[in-house]
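These are the structures in question, set out in turn.
Next come two complexes, and both contain chain A; in the first it sits with chain B, in the second with chain C.
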Partner chain A sequence: MLELKSVEKTVGIETHIHPTDLTLEPGSFNILLGTTLAGKTTLMQLMAGLERPTSGEVWFNGKNVTGVAVQKRNVSIVYQQFINYPNMTVYENIASPLRVARMSGQEIEKRVGGLAEMLRISSMLDRRPSELSGGQQQRCAIARALAKESEMILLDEPLANLDFKLREELRDELPRIFQERDCVVVYATTEPTEALLFGGKTAAMHHGRVIDFGPTGQAYRQPVNLLAAKVFSEPPINTASITKKGARFVLNDKVHWPVPDRLKSLRDGAYTMGIRPHHVSPLKVGETPVAVEGIVHIAELSGSESMIHFDAYGDSWVSLSHGVHPFDAGAKATLYADVSRCLYFDEDERLVAVSEQREAV
Partner chain B sequence: MRRFIWLVPTLYIIILMLPIYWLVNMSFKTTSEIINTFSLYPMKFTLENYQKIFTDPTWYMGYVNSIFYVTLNTVISVTVALPAAYAFSRYRFLGDKHLFFWLLTNRMAPAAVFALPFFQLYSAIGLFDTHLAVALAHTLFNIPLAVWILEGFISGVPKQLDETAYVDGYSFWAFFIKIFIPTIAAGIGVAMFFCFMFSWVELLLAKTLTAVAAKPIAATMTRTASSAGYELGLLAAAGTLTIIPGAVVIYFVRNYIAKGFALGRV
Partner chain C sequence: MNKTVNQKGWLFVAPVVLLVAFNALIPLMTVVNYSVQETFGDNLFFWAGLRWFVDILASPRFHDSLVRQLIFTFSILLIEVPLGVAVALAMPRKGIGVSVCLVFMAMPLLIPWNVVGSMWNIFALPDIGFLGWALNAIGIDYNFTQDPVDAWFTLIFMDVWHWTSLVVLLAYAGLVAIPDDYYQAAKIDGARPWAVFRYIQLPKMRRVLTIAVLLRFMDSFNIYTEPFVLTGGGPGNSTTLLSIDLVKIALGQFDLGPAAAMSLIYFLVILLSSWIFYTLMMRGEES
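Coming up: the complex of A and B.
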């Protein structure tokens, strides 16, 4: 179990990580979700002990390990860049943490063989990392990270530098690889879809803060605030200022829809709504489609999907839908927002409640 | 037009090779032929000049001395520059950029400026006319150069490699020796080559700081007249032999040097 206790990291006058409390359970799969520069890598380095927190403590399995050197902690790390030792063969790369730990030759051979089998690089063991494809290099790095059976494995956007097909392939294998291991897995990614595919728990990060942490499904369906919802939405979540007047929500005096039963008790006033792009469609679909008039900026058609950027009463909105829906730039369009999937935020941008019961990814 | 496409490179190579050809040409002639006749190739081919160099200790010891202090200098320069370059590449510290630039400015002063202080200092502490004296004097410009070259290569290695090694359990020195040095072997090769080359061709300091025991070949060679009068054939043979070590080293590191150029550091 890893515990960060008000861990903070400042460099000069810049704060890279604001005081953070985080507890990661043993055997859990944890995702750090955030854009570039959100502080994912720094947080991982603090967890691993590669960086020392400016203040606060790091506890591992009930022991304070704040000042303990990374060599003395039982952690592994896989980076976005395919990091292998270029002067060693793939076999020696995977074996290197075991050699440092002075494991017997026989045991090393068994372990490396098993890992190479699992990561499907058995036939590459005699080659140098530079002779492998990107995907194989990353498999080698993952195998090395798994070799010493560490208690915590940190993966810093391990699939980001792979091309689409290899990424899919390795992404499917990863959960199986970590399944039987009783270690804390931390996985950093910029892609909300990746977080949803892996499940586990997700910590949404923004500008050096963990703004939301919980089971991935819950973090997606009920983000604590508007910022967390923005982090956990790609393309970005659509927002608009709305007013609650009695039993109806009103958007820009023109569009209105009934307040769901569970929100009836809310006081009247100003709120912010958020709706993810795939719940806005040119077709009248979903449980409660509400027509929104807009002016199209651009429609991107990519084979089976249409992404329509449009101006909805002053806010920039995006619609993501199946099928091909061509629109001319500057044209007037009517799109339908399925308001049953709306998220509502109060004036402080905190989630007031959700109006959806289930979520299809 | 296309028929003459070979013309420019051919001319270029001829002009480039002319002085070297003339040197080699002279080395196979007798001194009297060099002085008295103009010939494009040796009329009376002779190996006497080379024979003299390989049998007379005042000549061949010049090569031994040069190679000895050049090797010593290369080893000292790269050994000192490697940790320095690592620090410049991996850590941020107060004034690091200024210090890095200041290193380079050491290359901007003419060697003549340092000849007198070195001569006096080394005489005072008994280093005069030793190989170590020349090797140390040459580190003045070779360490900055090596730091500059190595920093470029080290910065090309991601910092994550260091971190991965620490995570795997390597101590700093185990990582540095077992993983890092092999990783930047090409850079070390290039740095060694340039240290070798600059030390090999440097004449002023080498001449000033030596008398007999550590006298470099360049000093012997630039003594144009001896008791036997002008010995142009002999000097040409010595010159030819002086080019060879550099050419051999260039051959071995030619691919790495291209890499160094690509990094913009050489």
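Coming up: the complex of A and C.
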């Protein structure tokens, strides 16, 4: 179990990580989600012991390991760049941590063979990293990270440098690879989709703070505040200022819909609504479609999906829907927001409640 | 259609072809021309065939110069490459120290070669030069104008002083290009400094070091100005390297035929050795 206790990292006058408390269970798959510069890498380096926190403590399995050097911590890291020893074969690369640990030759052979099979690089053991494709190089790096029985494995955007197809492949395999491990897995990514695919727990990060942490599904459906909802939406979540007047929510005096039963007790006043792009469609779909009039900026049609950027009463909104829905730029359009999927935030941008408790993916 | 495209292509290649022709091929051909003839005054030429080549290859004087040249080149390579890598490793990676180091490193490279020779000549003179005076003052009998060993020591010392910087700069460029992640990964593996050097830094510097070795090899094989100014090939013939010998034959004795033949042999030796070097160092290096 890894515990960060008000861990803070400042460099000069810049704060890279604001005081953070975080507890990661053994055998758990934890995702750090956030844009570039959100502090994911720094937080990982603090977890690993590559960086020393400016203040606060890092505990591992009940022991204070603040300031304990990384090589004494039994952690592995997989980087965005494919880091392997350039002039060693794949076999030697995977075996290198085992050799440092003085494991017997037979044992090494068995272990490397098993890992290579699991990561499907068995036929490439004699090659050097430069002779492999990007995906295979990263597989080699992952095998190397798995070789020693680490208690913590950190993956820093390991799929970011791969092309789409290889990324999909490896993405499907990763959960299975880590399933049998009883270690703390931390996975940094900029993509909400990746977080949702892996499940586990997600920590949404923004400007050096962990703003939300919980089971991935819950963090997605019930983000604690508007910022967390923004971090956990791609394309970005659509927002608008609305007012609650009695039994109805009103958007820009024109659009209104009934307040769901559970929110009846809310006091009247100003709120912010958030709705993810795939719950806004040119078609009348969903349970409670509400018509929104807009002016189209641009419609991007890609194969079987349409992404329509439009202006909804002064806010820039995006609709992401199946099927091909061409629109001319500048055209008026009616789109339908499925308000049953709306998230509502109060004046402090905290989530007040979700309109439905069910799966909203 | 294809033909038109091809002819346009020639236009683009023409400048390079002209440049290489005037710069290298035509002068080389004049040398080839001289190397197969006997030349007298009044533009009298007699066909000599391969005689000069046979003479040169059989002459003990050429053998001695070639051996001296090889000893010189390999000595400076053996000193400058490891020293250059060591200095590059010791240089700071960030902060103001970087610029300071780089400026100091670049300085010897900016000094004209004949000035380097003169500087060291005066610096090493046993009576008035600081180096010569200091060595004698501490009891070492040193006089590079009379003792061949002292002359060689001074020659190599000068070249190391002059050219190690080049290796340093290239090796440093290779080092700073290694992403930090590699060092982190090595740290996590618990790798010792030697292992980091052997398995990360050295393989990552391989390309630039290949270039460094090649450049130093070719340049040191061609070296003329500095030893000419420093020792003039002496005492005796003890520091007469190939180029100095060549100039003696061509300009001193005005034997154009043998000098041209020797130039060509010299050229082929450099070409061949560079090719062998390059092939050896790039072996196993794909992509």
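Definition applied: the second predicted complex is superposed on the first by the 360 of 361 C-alpha atoms of A that agree within 3 Å, B and C clash if a C-alpha of one lies under 4 Å from a C-alpha of the other, contacts with A are read in each partner's own complex, and residues count from 1 in each chain.
Going forward, contacts are C-beta pairs under 8 Å (C-beta built on N, C-alpha and C of every residue); 3 or more make two chains touch, one makes a residue touch a chain.
Since this is a predicted model, take the numbers as computed values, not measurements.
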Joint occupancy of chain A by chain B and chain C, clash or fit: clash
First (chain B), second (chain C), both or neither touched by A:270: neither
Touching partner for A:130 - first (chain B), second (chain C), both, neither: second
Touching partner for A:100 - first (chain B), second (chain C), both, neither: both
Which superposed partner A:283 touches (first chain B, second chain C, both, neither): neither
Touched partner set for A:329, first chain B, second chain C, both or neither: neither
Which of chain B and chain C A:70 touches, first, second, both or neither: both
Partner chain in contact with A:291 - chain B first, chain C second, else both or neither: neither
Touching both chain C and chain B, counted on chain A across the two superposed complexes: 48, 50, 69-71, 75-77, 79, 81, 83, 85-88, 96-97, 100
For the chain A and chain B complex, residues of the former touching the latter: 45, 48, 50, 69-71, 75-77, 79, 81, 83, 85-88, 96-97, 100-101, 141, 144, 148
Residues of chain C touching chain A in the complex: 179, 181-182, 184-185, 187-191, 199-200, 203-204, 286-287
Residues of chain B defined as touching chain A within the complex: 158, 160-161, 163-171, 174, 179, 182-183, 185
Residues of chain A that touch chain C when the two form their complex: 48, 50, 69-71, 75-77, 79, 81, 83, 85-88, 96-97, 100, 128, 130-131
